[in-house]
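First chain written, first letter: the chains are A, B, C and D, and each begins at residue 1.
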């Protein structure tokens, strides 16, 4: 299956795109997705280690199964709220 | 000397005046003033025990000497700030 | 700005008084007249004050907050009669960091209830009561109902 | 009201969203862009966000605050480019009593920095930096200067 992965902040800027597409076998997990992203974008490896993954707007664990049509996002450590 | 004493909240309402005048010997203290007030306004006695005294807009102790022209005020326990 | 007003308080005025380029955090407290107190429904409040001393004490609180937290502070307090929903006090505290702004603002409201000569009268279903003493310091505030005691 | 805006935030809108007759205390937090950070002078900020998830997470914080403190809450957060002095976030919390309003408001800002997918980029004298991770949780936030790392 093909999964679209949303990128934000430094990840978006590094890749130059708001999202990337990754091809995964059926029944792939979030762990598999991260592995595929590291192969496809070696320059992101360090930042991928820091990021959490959200599926359909909820944080998920690496064991979570992905399904076609899922909205997947990489969430670097957040820094909103206030400057202080 | 004659001392004008400002009244607030329940004290003002009980007496029906914003201030009262009290005659005191020279070199009288705040303690003497409270004594004179208790004699002059027996109905205030309980509430006088709860009140602090301010002279020239500062809280003072019973031993403080009064001087002609001092602005004296009786300060019941305060309750401003907010209702909660 | 440390003032007692007999008209509606201005949040904008408080904000303008405290904002500065180094202030990353502003914490504001608004006291609002509730529709109930002590289990009774309340129609409104009246605040009495020793105005010059109250404004002086508010300013002293602001100076203490500046020394302790490096926060710039403004306090407006209503006097006179207030309806339910009206704002009785506004405190704004601006500091470089949020922890200081929160502590400063909280300190201001607690300190007001200890030292600033302002008193409130509650117009409740069970009568009109002068509340003397802070409900924050004693479970049983000293309340004085002159009408009742004069009956 | 739990929203991300790309224009100036409205304090009035937050207040209107939380006020109710039983609320005696309203505590408001404003985050303001400072002119300095990490010892550097700062020209401005840019906030990026995963908007639908961020608004959902803000709403979840509001629901948690309602359950824990009985406080009604509103949160507005800016996205896009902000100049020094502009307001990046407004949190309003209204509760029957002031202790709850203060705790609720403080909790909201701390929780935002943990779970809400919003990120800021600092435009400072030493370059433009994505700040990833909360300065509240670590002394050394993870900062990422893409220009520098690509040189």
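Assume a contact is a pair of C-beta atoms (placed from the backbone, for glycine too) under 8 Å apart; a residue touches a chain by one contact, two chains touch by 3 or more.
Keep in mind that this is a model prediction, so the values were computed, not measured.
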* Asked: Counting one step for each move to a touching chain, how far apart are chain A and chain D?
  -> 1
* Structure fact -> Note: chains that touch chain A and chain B both are C, D
* **chain C and chain D, separation of their C-alpha mean positions in angstrom** => 27
* Could you state the distance in Å from the CA-based centre of chain A to that of chain C? -> 49
* Could you give the separation in Å between the centres of chain B and chain C, each centre being the mean of its C-alpha atoms? => 23
* To do: Would you mind listing the residues of chain B that make contact with two or more other chains?
  => 82-84
* Asked: Residue numbers in chain C touching 2 or more other chains?
  -> 24-25, 29, 31-34, 96, 98, 109
* Linking chains that touch, what shape results: line, ring, star, complete or other? -> other
* Touching chain combinations (by label order) -> A-C, A-D, B-C, B-D, C-D
* Over in the complex, which chain C residues touch chain B? Could you list them? => 29, 31-34, 37, 45, 47-50, 52-54, 56, 77, 88-89, 109, 112-121, 130-135, 141-142, 144, 146
* Which of the residues in chain A come into contact with chain C in the complex? -> 82-84
* Spell out the part of chain B that touches chain C in their complex, as residue ranges. => 6, 8-10, 12-14, 47, 50, 54, 57-59, 73, 75-84
* Can you name the residues of chain C that touch chain A in the complex? -> 24-25, 96-98
* **Residues of chain C defined as touching chain D within the complex** => 11, 15, 19, 21-36, 84-85, 94, 96, 98, 101-102, 105-106, 109
